[in-house]
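Have a look at these structures, which come just after this line.
Next come two complexes built around chain A: one with chain B, the other with chain C.
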Partner chain A sequence: MPDNSQAPVGAAPGSGIWRNLRRLALFTVFRLVALFATVVVGVYLAIFIANMGGMVDQLREAQIRAETAEAVRAEDAFRDLTPLERNQVIEERVQRERARLRLDEPFVVRSIDYLRQAISLNLGRAEYMHSDSGSHRVYSIIGERLPATLLLFGAANLLVFTVSLWLALWLSRNYGGRLDRLVVALAPTSAAPGWFYGIFLILLFSFVLPLLPAGGMVSAPVPETAFGYARSVLRHMALPLLAMFVSSIFVSVYSWRTFFLIYSSEDYVEMARAKGLPPRLIERRYILRPTLPPILTSFALMLIGLWGGAIILEQVFNWPGLGTLVFQAVGHRDTPVIIGTVVIFAYLLAATVFVLDILYAILDPRVRLTGGGR
Partner chain B sequence: MIVKPERKPLLRVEGLRLHYRGERGIVRAVDDVGFEVARNQALVVLGESGCGKSSLVRALFRVLPRNVETCTGKVWFDGDDVMAWREEEFRRRIRGVRMALVMQAAMNALNPVVRVGEQVAEPLRLHLGWGRERARERAAEVFRLVGIPADFLRRYPFELSGGMRQRAVLAMALVTEPDLVVLDEPTSALDVLTQANIMNLLKRIKAKTKTSFILITHDIATSSEVADRVALMYAGQIVELNSADKFFRQPSHPYAKALLASVPRLRDGVRPESIPGRPPNLIEEVAGCRFAARCPVRFEMCGRMPEMSAVAGDGQVRCWLYDA
Partner chain C sequence: MRTWHLLWQQLRRYPSALVGLALIGLFVALSLYAVLAIPYREALLLWRGGEQWQDYPRNAAPAWTNWWRRSKLPETIVVRESSAEATVEETFPDGRRLRMTLAFPYGYGEFPQEMNLFVEADFIESRPFASLLWQTPDGRQFDLGTYRLRGRERISLSQNRDLARRLGAPAHIALLSEPGARPLELTGRVLPGEHRLILDLVMFEDDAEVSTKLISYGRVHGLAGTDHQRRDLMVALLWGTPIALAFGLLAAVGTTVTTLVVAAAGVWLGGWIDAAIQRITEVNMILPMLPVLVMVGALYSRSIWVMLGVVVLFGIFSAGIKMYRAMLLPVRDAPYIEAARAYGAGHWRIILRYMIPRVLPVLIPAFVTLIPSFVFLEASLAVLGLGDPVLPTWGKILNDAQSEGALYNGYYYWVVAPAVMLMLSGLGFAMLGFAMDRIFNPRLRAG
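Up next, the complex of A and B:
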């Protein structure tokens, strides 16, 4: 018997509920603190790496020096100065610029400052990159790319997720059949990533049979009507969507099917069958209901996995999404953009995990009533 | 006390076979099994692990794993040839309504995320179409019958101790007042005191209701407490079927004799004797009597499979020694 006797004396009558609530509140606070710490560590690591531990500053200093020298030499006002005096002017300007960018302070001090800004979602301005509308604000740059990524990867993942769950449940019921064996046999095809299939699909459907566009998101000139626009986007989405679907559907069905097979041989499922419950009810209440937490987890992780897209796939299809953005930002060593992406991702991840924790507590009485198995 | 079987037994099984496809061949888990259970009678099916006891249960309930090769035979339930029924009809009219199961490993027989009360009331709501309130009241009644406070209905399985869970599963079986309750190793995971509790409970329920029981077990000592009749299984077959009195006092089959001699006794200083050898693996086709290899009294006839022969009491034995 669980020990119900340990309620503190003096607790309100019906103290079970109060104790549970207090435990739930404590649990929530503890989780929030732990998640926040995770975000801080993750973001700091990103800052440290994106700055190459301070190495980027040396590159920037060298660049400032070169640019300043160029500017001073080009300026008429300094034409008559001796080289020594000119160097002095250059040095002065470089020091002023260093002080303005706070490059004269040690990196550790500045990195803490960056961290504070990043955590407070003050993402700042990009160093080189700008949005299509010309803004240097990291928010605008990311905001411009995000919808494209969400559209393509959201559609692809939702499609794969629902189709594979549904098919897996069906296969676990008809285990060992022809389709089941086909899926098992095809599962290794998912070893190749989406972009790999993408290349072949482009070759096949854009060049051999010119049915669909090879890349981009919308045709140029941009169609004027909303309907025409949607149609064009859909046509451009078709190939990358298909590439992702082909590359992940089989292994996804295979693993969900195995998952359902394992859970449908639980004793309580057999018991439900022996009780004469109808197969539909058994599926719903005895297979899906107990496995809802892992299914939800996988769904939620898929959702936040959409953030960032897939770098190579976006490159192959020339899709103007976040993957391409991060790729470019790394190439340009545009630290604020890289860090900005990471910060938003870290917060999204933390929020998702937190929501999952709460959902688990609602769905699984073992978590709800014993405080997270601790 | 032996209850005289009525003219029409509640359950009659004839030539039941359940074979699985194994990796190394066909597994003959249940091979030509037949027996009867009368109303309010308790039949104990005894046997070592792996002799096909649990497969017999699966075949009776038609809850089969996916690798079944053959499942044939005749099962009459209350005069109806239920093996001929379609799955859907069998599910709606027999399982959980007239014939209920108490599973082996009852620890995991309850859905971990559904309240116990809901699971116990489920057959009522589903099979009999009862409303929530009425089903809940009945569930509380059965809970009291098996000795669990009714407020435990609101708990989840993980909040119950092992003995409680076993009782809850028993309550789940009894809730529709079935004619037959099949208990598959109901006590093997429990400690001796809890075992005794459950056995006493069974005896009480049997005395109070008209229910028949099939108790599947390897535990000779506890089974002798409740048994009216005994069916002894060996390697997928019933080798002896007799009234409990006769079986425990004067077993006929050489295996039954050896088995009873192997039961440890607490005080009289008789050393338990083990049976040399091990049961045949159910994959190999054994031409003759399956116990022959371990049998102390085998003779040349044992190279052929014996049929069931009548013996004293109203028993039957599958052994050439008793061939009329």
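Up next, the complex of A and C:
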């Protein structure tokens, strides 16, 4: 792909809004096709990996054979059969089960079929897992876990995002101060992930000072009133939320602060200062406006990152979210559930990238005029 | 050489960089010590656990925790004795009766964790008899039963239910306890002084020999304490160091260098190669890395080197490519590259010798800060139960601690020690990396 950012900005003369619109439409279609192809390939790879290139099928067949043999042996009706006849019965049942699960077809054929279903968002039924209400539908299983993940990770990421942006902006105005130096010094502590701080927070607030619950999402028995329920969930949320906040706030503030510092030393900002514009105005119109696209990108990617949560943090805090779900699904080799989460993630990511592309075109006139480029 | 000197000159001005370097140096020294003191095979064997740890206490705290305890917890005491040195009481045809005395001085204010007697009898056919008698410093005597010895035997004094019922408490408490007013009443205080375990042995062969070992398991052990399988945690803490460093370093090198080369090749060669690289990167962004690793661990292999391979494979086409591409695009059209082309430099020469060195300054700090994230990734996998099956690593200690409910049971050292190692190694690299970032990218120095 040629490097479009180098194309002359004057390429689109004032000859018409139509030309711009046509370009935008063309660009939109092109991006949509490219993104869809990406999703298809990505999902197929996920299907391939989740089945270990067909290796999981062998495991599953061995399991079916063992279970069927066990069942036939336990059944009174087959007690009197000769071993040969009994083996025939077992073989027959195994074949029937294989046909039901379509294990008798080659993996490549099935994988294409899986792909078709996955892409059309027909996520099907889980093989072993079920939702708490007893449904085997992948949608119900995912749907049951989604609110927990969204609640915890949404709250944590929004908190980190807003606090770090606000603090970074403030620090970039007062850089070199004591708080600024403290943030710079503490930034390396973010090398440790959230679950790591989680362990210590559990130690501190659940065992040394038994103030908060060590894990789970709601206390048992479940509180009956809505208020009591919310209170219990909030109490359970406090520690994982704090763990995520502590693990990412410093590096987040640090990198946004550097980002703003770089932009606030641009020539046009100096120029605005020289003109004597009020600092508020400079901040809003000269620093925040041109940095809006990167801020939006990271905000959108953060939203996407919510999907799937964080396997380990959820494991450490015993949080019944999507991360735990994926971990359990891998343990049960329940490929429909794994693929279901990947497919939804892929579509969400593609949709976000697409929306970002459009937003960029609106926010950044250069992109709009040159037909887009990344 | 000169560049290194210059770098050092710059780094010296950042205290955080010096602290980071010191930490990294410490960990490198520790890994060297681990590799030299405990050879690889021996470390694996030790960590497999089993009988080799039978002289060690279970879940003992580190010895230094006694510093702040008013009443010191006991360490492990081992008393050995063999029949060759025992006094012979009586000889008869084809055998002898003798008395072995194991002096057991006990001065701690707290009871031990457990007491075991290991007896090794060497005989051909007739099994020797041993009757056990416990003598306290104040002259009381307790009959601990008679045993017919096999070849090697562990007589567990503490877990003998009958004995516990007879004495009123598990043996390691009842035998060492101060007597109460009435018989068999225990005060719960230790009676310090020289206790004695007396073995009256009857052997029916002339050359039969018996050797014994009385172990009073302590409640503290060594610098790191022990785990639920009696393994000394020091083994894994020490050996975890080279493994963590190797994993972090290899993964960081594997992902950053390949990513940079691929990005540079894409930018330079352009056309369909660049487009393909871009599309692969986008596809890769859709695939969730950790679930894939979990899948590989659950279905294929949990070996740390397989994991490393998968991490590097996924790391090649990471989002970093987009960043490097943005940095390399202006480089492509720089005049010095034009000059290189003019004198006939080939594609690879231009990519490796002209383009990549240009963006290295940005890469090196990122590379250094990337190392801890891989160290923590290894620990994360281990905490999920997908750690390497044989290697002792920090993450595996954490995993054991989690599954044994270490925090709940108050074995905080079991979690704290590996966590501190992880944190310090992470901090070391991160502090150095952040300082280097400011040196190599002067625009960041504003603050």
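The definition used in the following text is that the second predicted complex is superposed on the first by the 357 of 374 C-alpha atoms of A that agree within 3 Å, B and C clash if a C-alpha of one lies under 4 Å from a C-alpha of the other, contacts with A are read in each partner's own complex, and residues count from 1 in each chain.
FYI, a residue touches a chain if its C-beta (ideal position, glycine included) is under 8 Å from a C-beta of that chain, and two chains touch if they have at least 3 such contacts.
Everything numeric here is computed off the predicted structure, so don't read it as measured data.
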Chain A residues touched - chain C or chain B, whichever exceeds: C
Partner chain(s) touched by A:Tyr175 [first = chain B, second = chain C, both, neither]: both
Which superposed partner A:Pro106 touches (first chain B, second chain C, both, neither): neither
First (chain B), second (chain C), both or neither touched by A:Pro221: neither
Touched partner set for A:Gly276, first chain B, second chain C, both or neither: first
Partner chain in contact with A:Thr38 - chain B first, chain C second, else both or neither: second
Partner chain(s) touched by A:Leu363 [first = chain B, second = chain C, both, neither]: first
Which of chain B and chain C A:Ala50 touches, first, second, both or neither: second
Partner chain(s) touched by A:Pro83 [first = chain B, second = chain C, both, neither]: neither
Contact residues common to both interfaces of chain A (with chain B and with chain C): 1-2, 175-176, 265
Of all residues in chain A, those that touch chain C in their complex: 1-3, 5-6, 34, 37-39, 41-43, 45-46, 49-50, 52, 55-56, 59, 171, 175-176, 180, 184-185, 187-193, 195-196, 199-200, 202-203, 206-207, 214, 257-258, 261-262, 265, 308, 311-312, 315-316, 326-327, 330-331, 333, 338, 341-342, 345-346, 349-350, 374
Residue numbers on chain C that touch chain A, as the complex places them: 16, 20, 270, 274-275, 278-279, 282-288, 290-292, 294-295, 298-300, 322, 329, 369, 372-373, 376, 379-380, 383-384, 398, 402, 407-408, 410, 412, 415, 419, 422-423, 426-427, 429-431, 433-434, 443-444, 446-447
Contacting residues of chain A [partner chain B, same complex]: 1-2, 175-176, 265-268, 270-278, 281, 285-286, 289-290, 363-366, 369
Residue numbers on chain B that touch chain A, as the complex places them: 61, 63, 65-66, 91-92, 94-97, 100-101, 103, 105, 107-114, 122-123, 126-127, 156, 158-159, 161, 164, 169, 172
